[in-house]
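Across the two complexes that follow, chain A remains constant while its partner is chain B and subsequently chain C.
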Partner chain A sequence: MVTTKKQKYLFLAFCLVPTFLLFAVFTLYPMISGLYFSFFSWSGAAANREFVGIDNYIRLFNDGIIPRTILHDYFLVVTKVLGIMVLAMYFAVAIMQLKLKEAPFYRIIFFFPNIMSVVVIGILWTFIYNPNLGLVNSALEAVGLENLTRPWLGSETWALPSLVLPSIWAGIGLFMLMLMGGIATISKSYYEAAELDGATEWQQFWKVTVPLLWPQIKVSILYIVITTLNGSFIIVQIMTGGGPNNSTHVMGSYLYQQAFEQYNFGYGATIGVMILVISLVTVLVLARLLKREKVQY
Partner chain B sequence: MKKSMKRSLTAACSTGLVIGLLAACGGEEDNNGNGAEAEENNNNGNSAAENGEGGDGDISGELEIQYFVGGYGDSWWKEVIADFQEEYPDVEIIEHAGPNVNDEMRSRWVSDDPPDVVYIDGAGSSETQMVEDGQLMDLTDWLEDVETADGNMLSDSFIVDPATYDGQIYSLPLVFDTWGTWYNAAKFEEEGYDVPEDFPSYMDTMGEIQSNEDIEPFVTTGQHPYYFLRGVLTPAFGAAGGDELLADIVTGEEGVWERDEVVAQMEKVADMQEAGYIDDGFGALNHTQSQMNFLLGDNAFIPVGFWLPNEMAGDVPDDFEFGFIPSPMQDEGEPYAIVPDLRPLAVAENADNPDAAKAFVEFVFTEEYATLFSEHTGAIMNLEGVDLSENEEVPDYLIEANAMINDEEQVQIYHRPHPMSADLETPIGDALTALMLGNSSVEEFIEAAEAATADYRGE
Partner chain C sequence: MEGKKKGHILKRFGLRIPLVLWSLAVLYPIFWMMLGSFKTNAEIYANPWGMPESFGFQNFIDAWNNYNIDLGVFNSLLVTVLGSLLALMLAVPTSYALERMEFKGSTMLFNLYISAMMIPMVLGWIPLFFLLMNFGMLDNLFGLSVVYAVSQLPFSIFVLTTFMGSIPKELEESAAMDGMSPYRILWKIITPLSMSGIITVTIMNAIQFWNEYFMALIFLQSRENYTLGLAIDFISREASYTNAWGTLFASLTIAIIPIIILYAIFQRRISKGMTEGAIKG
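Our next item is the complex of A and B:
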């Protein structure tokens, strides 16, 4: 079939224009208006606003809570990447390689938290951590470890680490499925060849599975990093509200507090710009660090 | 029938609550006639005056009312709005209500298309912000001429005067609430615990409860430290330094947190913490969780406003009986202190139907609706001359609290010029949480509070 150039361009436009329009309305416009509002002093609750130049950015650099929020975000990024990747990889390999009869059952069980709203997960874990009625302290008491019980979310020291567990629990399923998909594409012949060469299962994992699974691992890590930097707000807001004494505030929850609870919408927008820049830089650095030559056997 | 009964009940003499707060209402002209007539006449006058021309000033058209529904529920609003509708059949009332209404209506306010009347309460609303942003109508001149349906000048009928911003009035305080400390009166009677009368007796009772019940007697919400700030510290500062200290605290006066009387109050908080009287899990609790723990007997005292019984109505155990005292932070021998916390009603600057909005505001401030408010919500409306003492519909704790508040020898009432700004309250609340968790000393708290006031002043 012969298509003219015009038809080809029309077809391309038909495919691209609606997508671009949606992208422009729902991504570009909010991003640009966020940048625009960061130069204003605005309560966010009224029509009038005042242009203040870079005042909000000066305030950002002088705000003692900001470095803490960045640190908290990276704490969650590192612990989540490690926790989720190690566990998701372990379960994926176990389910795929051990050829368990109950594999579909485990797949559903591990994926289950992914279909739950993060809000529900947050509330659920708030009860689990409840100092008086919660599962955690009850379990510790039941096994005679009363001295380890504590108000997990009410402690300035323990509140942030306590948020890691639900975040990992909620994240494993999706990445386990991604890794399982990757493992399924690895030809069995590689493992057979490795076995003939005398490689142990551990060596097979490091020398065959990991290199061939690297594209999926890389995407998973990047995805966890981006969603944590942009989305850890929800679990923080539900479980601790950023407290006690700012010990769990992440950039997103602090943005929310400033913009919607303290009526500093312009400053909130400035924090939003900071999150955008930090996320971009992190992802670029990470993409470079995770770059590897494509492996082919 | 029910209405006429309420009317007869409300005809009683004024409560002493007003003593010392406002000049008594003057002997206005007798107005025993139909309240609606009086209102309509007033409105005619107002609208003609505003327009600078004659006119019938009929109240009609759409009237949008935004009201937050929290601990007080919405049954009072429903009844008042239904009565208003009956009185003004030509008005089409559109209600915007609910626990999230402040957020839901935000886009309307931002786009300069606000509702006509707004009740400012709950998360996401701030009277100070609305005044600063010019969103509320200046009601100063209008208020001078308004008579209530009871025949009194409205401006003379408030228990607590409206807040003023540079001398102008932008909102009328509707709900007279006050924070205090709640306890389980039934349990106290059963166990023979003394109801605290001052800080030393408070510590004694908490100590007794701690050893008898093996619980940490005091709880509050750590997710919203302002509950402690407003419910415990504000009256403590009132008792220690009066209105002047409260004004300096609210406006972030330099060095205010270093004053001896303030440091003494903070030492009391540290004493409570060091004695192990503050629930060590409070840091993570939201207000509902802390209130639930209190109702379940995990704690014995909680600082909340009058709305607590109504808010938790569905969760109160059978053997529980609410007891209320002003937070007993004052020194031995001193009267309790309370600081009213007012929730105002206002008209939007850009209201589409200001006449109907003003008519509604005027309609609400009557003894009838004030009594009804206490019956529906268990709280007090900011209107003097309402006798609750014989009203069987009003909860016992409110009658007792009201009687106590009215007794000058028992309770002193202090005022702050306006609520504390969130920009000041938030960092002080954070530092307070650290102090109450035992993670910082009084000196560190004071340093943090002074830094917050310096930030607030823009230094």
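Our next item is the complex of A and C:
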């Protein structure tokens, strides 16, 4: 390059500074001042912002709803990880092993809900669960199981489990594609060798496919956990708003309620700090647990 | 031998059943929603999951004229276009500098951008709310577009640096020899050569912005600024009183059609872009 040092720095500044400024103002600053806000009691007007030290954190530990929101988040994490991984794994292996002619059809169809708006998914599924008109109760009645029909989203027991199915429905395609990408890189010779040794297909799955696919499995699980802890509240907000009687509140929807509906902005920020800590700790612990020796055959 | 073959065919058939069932589980609700948009309310109550009696567009006309869906579509288009353009303007030069120029702290800056993909943004939304208020950008579609663009910066930078990394260095070097300024190299050489990445990023961002709900919920307030998601959510909340189910289905259909069209054209690009974005995360 023949450009002088000064020109180089000017060009670098041109490339980097405007972007970084906006990133700093709209991402870094809000994150940091979220931490700072958590030490204030604040209902929104500048005049009544009051420093309260760790009062919000004391309140957090004494708030009976908080443990429930954490539990609900983890319930969604566990059920989503299990549901998505089992189904996505089955679909990926079936499509790849059987070399189905219609494989592109499944890829295209299963992935589509991943790019649907959460609003559309949430409202659609609210209607599917509708006690009078919805598909679920109609289907149960059609097969003679009237006694199993219930107001799914209106029931304190069933509302939270009812949110799992739409989340799996919406997420599965992406993880199926990630696993299929991994399976495509496994050499056929491993399966041939295993077959010569007399391994059944089930054994081949556990001894060859799973270990060699572990990097993709690990990334998929971590991704489901991160997106659930950081984003499960969106579908909650649309489908139940946290109700009935707080039975579906997750950390994020409770934050929204505290900050933007009840104007406890300081306390809302404290819940935000909790979400940050819990999701970072969960991901770090999980990444350690999922660590395996790299397999080589 | 014959028996084994038969068993094999049966097994192939049996293993397919869950795949077929899941396809139905994905497609049926979507078709059901589209069919519902042609039904009158009476039909929805009488026959919630059958075919409509006739295909009239009354629900669409109602949604468009009486339920603010026209404004919703316009506002969503505005934030989608502005947000996507701004995201590109911000991400392309930075990606180039991060990928191709040597400077102190380049890796650190890259990691800073990328790690923002993992951080829960919800903590930042409270201060952002007041920041936008102080800037006079609250309840403002331009403000929302800026917030959208910045929120997709990490993803955009991640994908663009990957694409730019595959462009041969010789092209820039010989252009620089010929006395081309770095600005022109960026504009005339790098931008066209990374067009594939730029298109992927733009499609992904556009889908994201068109679908976005929660930031719009927090940062917009007046009904004339509602994006499509908010307008539909509003109809949905009122539907329990107004029973405007047909209108609701029609507006959901309006929201999903652009996504279906984009997916029909760019299906490979979209699924690839998303899978790669996830693998990094």
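One rule holds for everything that comes next: the second predicted complex is superposed on the first by the 265 of 297 C-alpha atoms of A that agree within 3 Å, B and C clash if a C-alpha of one lies under 4 Å from a C-alpha of the other, contacts with A are read in each partner's own complex, and residues count from 1 in each chain.
We adopt the following convention: a residue touches a chain if its C-beta (ideal position, glycine included) is under 8 Å from a C-beta of that chain, and two chains touch if they have at least 3 such contacts.
It should be emphasised that the depicted structure is a prediction, and the values quoted were computed from it without experimental measurement.
A.B. asks: After the match on chain A, would you call chain B and chain C a fit or a clash?
C.D. replies: Superposition check on chain A flags a clash between chain B and chain C.
A.B. asks: Scan A:Phe260 for contacts with chain B and chain C and give back first, second, both or neither.
C.D. replies: The answer is both, since A:Phe260 touches chain B and chain C.
A.B. asks: I'd like to know which partner A:Ile58 touches here: chain B for first, chain C for second, both or neither.
C.D. replies: Neither partner.
A.B. asks: Which partner does A:Val281 reach: the first (chain B), the second (chain C), both, or neither?
C.D. replies: Once the two structures are laid over each other on A, A:Val281 reaches no partner at all.
A.B. asks: In the overlay, answer first, second, both or neither for which of chain B and chain C A:Trp169 touches.
C.D. replies: Touch partner of A:Trp169: chain C, not chain B.
A.B. asks: A:Val86 contacts which: chain B (first), chain C (second), both, neither?
C.D. replies: Touch partners of A:Val86: none, neither chain B nor chain C.
A.B. asks: Please name the chain, chain B or chain C, that touches the greater number of residues in chain A.
C.D. replies: Partner touching more chain A residues in the overlay: C.
A.B. asks: With both complexes superposed on chain A, which partner does A:Ser43 reach: first (chain B), second (chain C), both or neither?
C.D. replies: first
A.B. asks: Figure out whether A:Leu98 sits in contact with chain B (first) or chain C (second), or with both, or with neither.
C.D. replies: A:Leu98 sits against chain C, while chain B stays out of touch.
A.B. asks: Taking the options 61-69, 79-87, 97-105 or 349-357, which segment of chain B carries the C-alpha atoms that clash with chain C in the overlay?
C.D. replies: With chain A aligned, chain B clashes with chain C through residues 97-105.
A.B. asks: So which positions on chain A get touched by both chain B and chain C?
C.D. replies: Common interface on chain A, chain B vs chain C: 126, 260.
A.B. asks: Can you list the residues on chain A that touch chain C in the complex?
C.D. replies: Checking each residue of chain A against chain C gives 1-3, 7-8, 11-12, 14-16, 18-20, 22-23, 25-27, 29-31, 33-35, 37, 87, 90-91, 94-95, 98, 100, 105-120, 123-128, 133-135, 138, 169, 172-174, 177-178, 181, 216, 219-220, 222-223, 226, 229-231, 233-234, 237-238, 252, 255-256, 259-260, 265, 268-269, 272-273, 275-276, 279, 283.
A.B. asks: Sort out for me which residues of chain B touch chain A in the complex.
C.D. replies: Answer in residue numbers: 103, 106, 109-112, 123-124, 126, 129-130, 132-135, 222-225, 280-286, 289, 293, 298, 422-423, 426, 430-431, 433-434, 437, 439.
A.B. asks: Spell out the residues on chain C that touch chain A in their complex, using ranges where they run on.
C.D. replies: Against chain A, chain C makes touches at 12, 15-16, 18-19, 22-23, 25-30, 32-33, 44-45, 48-49, 90-91, 93-94, 96-97, 101, 103, 109, 113, 116, 118-131, 146-147, 149-151, 153, 173, 176-177, 179, 181-183, 186, 207, 210-214, 217-218, 229, 232-233, 236, 245, 248, 252, 255-256, 259, 263, 267, 270-271, 274-275, 278-279, 281.
A.B. asks: Given the complex with chain B, which residues does chain A contribute to the contact?
C.D. replies: Counting only chain A, the residues touching chain B are 43-48, 126, 129-132, 151-156, 159, 239-241, 243-246, 257, 260-264.
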